[in-house]
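Below is one structure. I have some questions about it.
When the chains are written out, they are named A, B, C and D in that same order, and each has its own residue count from 1.
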């Protein structure tokens, strides 16, 4: 992991007052290695043309580049290639599923009054509001797993919450606030026992650990490219072939059709059905390069590196008086995202002082407002780690927090 | 020149004078296939008799490759036991997927080996397969019906 | 216009058998100048962070880059900055409007049984199927302007087609098949007289001529970045502020909210309301660079250049016997897109022969299948021009067509 | 060091000892504003009397900048004719939009000039404006009601 930093030009950027950048905000978006930028540029300068539509050589090469990107990304998550759909983001992927589940054309997958959707209190807004809206459209009801005070899913009422009326369980793999890695096995087992599908928000897991859709046993999975070393403007929606088959598309236009008259249209099969229009070709190629970059390092090495950083960080932060970790305060089932509060200093002010030293953290509700209410805070400061982070950066974080306490005279 | 290797004389002949084109009055089944990326279409009538392909007739619009390929296909499968026809189809599909690395088994594919060059042009492979996929679909549907009847 | 070719590295690519590339497929997607690629790379290597969410310096710089991109693009089309929304494509923009118009939360903009949506027979699938689906969801009916045999909108029944029940008129500015530029004035006037909104598909106009939303008087406009020298994975949705205000969003998630509980959410105002999730930041910055590139050349010079190419092409093509132009066969109200058929040769085969000489054209139905039926063809060959094309490329096209006729022995 | 120019003593004082914090029992109007990007909130009670601001009281959670700014704002506008209070607000908005290029008119803005440094940090401008925008909204709503009543 030592040499990876050279692949990320931005990491040598000089920040305010000559400070070096310590980027601890990969949970929001990751930085990109030069290999990803080069892959995108190569697409534009060597094979840019609209895919799937032309018989000329450039169009052939563009299609080849785009479809091999799909293949690479599918293999990376253990999926079939035709089950792997390019969207613009994880947000779009989750909304796409919710729209399908509200369309009567999706047959038995379409929700109706009396049906239930289950989420959790730690969901990102992107895996909460689409379901609220789906319930509003269909008359289904929304229920959720509460969160324990150490930031775990409270599954004590699993069988009551996921009951026979449940059609969808939509849950995050790893919390973008707490770092908690959720125990999927019990949830998947119960959901399938009652005939519900499981939608996994894997935004915070796919970039950081080995994820295999078949092994997890889920039915749908979404993640964003930009959090996984890839370009902005791309996400992945994966779904089981037999479910994608049943589902109505939600974006309509070119390339997703089988035939069209003025009054009617029929659809191509997946993945095409869910990719209306000229797709985000360069971004797909860029994300494939990102995936190759991670595979070359090995997801297990990446995960190990991040766990080492996290353990070091927990130790360092726990030594600071007045600091409270929001989320699991141990290494058990957690990833490299740590949220905390500092007594007497608002997260915004903590972030500002850290920024002065080039330390980039996130502050606020992290698009998980209900979770903030659960913990009775208006926001937290969050540090999140990735493969390019170092122990020294974490020491700088701890030091920075102490400086903030000195500055605001709270310690 | 690559163009001649793609458009061999055999292909141009079949294109100008397609065989089995024009739908039979009766059929066990009629299928309709389109190539959504270009709008080409084929309608195909199939008659099976005693486990063999008694007749394949078709109509439709398409490029030289799709027309010639449908013509060659119908020549090839007519009169063959269904099993054997399906093996020919397999062999042709494999040739089309070969990206120019195979030249095709002339024993099995006869005139269809002239389409080997198409496999170098990914965008044209679908044209060459249009008629074959319609035929396959027709066979599957007839067999399905028989299973249901049992 | 002579020197622009140097800015497009792909134009010097060597094609099959040593032929040089003659790219006549910009109607499908345009090539990108190096300035656009450099702007995207600069974003990634100097200011990549999630916008709008962080108080650290990188996040500030990313927000600044993203929001000034919005400003540049808004000015380019004469729009207000808060009316200018980033989507992934024109397809998404058009679908977004259609979803809003099917959501009861959008109040008077929501369609109901008895309402009418008017399109034309020359629409791209992206400006047809979303309206078919909206009608299906709401019980509204779809009507359309027919097309005359020389490829013009038949407006002889304008007042009957756009009647008092009409709520939406969705029309293309320039046909992606015929090259026809539609007369908007009469349509806009009639639509507004009956209280309907006008949605303009400007995919084929914004890249090629000066477009000012206020002057056109339309209510919504959509275009794609990738056809306008910009990156893939970005499009623009413009709408009048007072209409955007009424409209419900269609993608739900982070950054588009005002407040969120487990059961409910309220929305931020436009443009934020329509941009859920971490946006396509690098692509927005790239599209702004593309817009600057066009502005520097001047839209009028670009348009003049393309008209000269088109006139030359019409003359050259009309000399070929057995060739039929599908669409206007004169320079009146038309842009640089020419569709044609060749007697005795299928478009696919024409395209193949041209490709052999490095001439990239598009063949097929061009995502306008109903229009093909109108002209009784299964497809056409289409050449489309942009600022980097030359007279020599058009001569090569004419020569290539004659070669195809020789090869297939039809002349 | 930039940090001190952002967090001037005046600000830290108002933060530790905010003025007019704690909602009045009665009010002409109560408004609630949030900063959606960070979740900070303010509830503000306004009492107008004879064309003047009789009382502004507020409660809420927020960072030092938003708390200090709300405290300073309520000090500044209380007792002023509404017109004049709105002019102070204009002047403060302008200062916040200045990206560090203005230092603010001390005659008009008094303690609020201490917030000039905030304008260099775009992400914090919203914090500084939270209370002011709530006040503005409250005034607009009361005036709107009076118009309606006419």
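Just so we're on the same page, contacts are C-beta pairs under 8 Å (C-beta built on N, C-alpha and C of every residue); 3 or more make two chains touch, one makes a residue touch a chain.
Since the model is a prediction, treat every value here as computed from it, not as a measurement.
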**Asked** Which chains are shared contacts of chain C and chain D?
**Response** A
**Fill in**
Quick note, more Cb pairs in contact for A-B or B-C? It is B-C
**Complete:** Note, CA centroid farthest from chain B's centroid sits on chain D
**Request:** Would you mind pulling out the distance in Å between where the CA atoms of chain A average out and where those of chain B do?
**Result:** 45
**Message:** Based only on mean CA positions, could you tell me how far chain A sits from chain C in angstrom?
**Reply:** 31
**Message:** Quick check: how many Å separate the C-alpha centres of chain B and chain C?
**Reply:** 37
**Fill in**
Rounded to the nearest Å, the gap separating the Cα centres of chain B and chain D is 77
**Request:** Would you please write down the residue numbers of chain A that are in contact with two or more other chains?
**Result:** 16, 53-55, 59, 255, 257, 259, 348, 352, 363-364, 369
**Message:** Two or more other chains touching the same residue: where does that happen in chain B?
**Reply:** 37, 121, 124
**Message:** What's the contact topology between the chains, one of line, ring, star, complete, other?
**Reply:** other
**Prompt:** What part of chain C is in contact with chain D in the complex they form?
**Reply:** 52-55, 59-60, 63-64, 255, 257-259, 268
**Fill in**
As the complex stands, chain B meets chain A at residues 34, 36-37, 121-124
**Complex contacts: residues of chain B adjacent to chain C** = 1-3, 6-7, 12, 37-41, 61-65, 121, 124, 127
**Message:** For the complex, give me every residue of chain C touching chain A.
**Reply:** 9-10, 13, 15-16, 21, 23, 25, 28-29, 31-32, 37, 40-41, 44-46, 48-50, 53-59, 88-92, 94-95, 121, 124-126, 128-130, 132-133, 142, 144, 224, 226, 231-234, 250-255, 257, 259-265, 276-283, 348, 351-352, 354-355, 358-364, 367, 369-370, 373
**Prompt:** Inside the complex, what are the residues of chain C that reach chain B?
**Reply:** 16-17, 346-349, 352-353, 356, 363-365, 369, 372, 378-379, 407-408
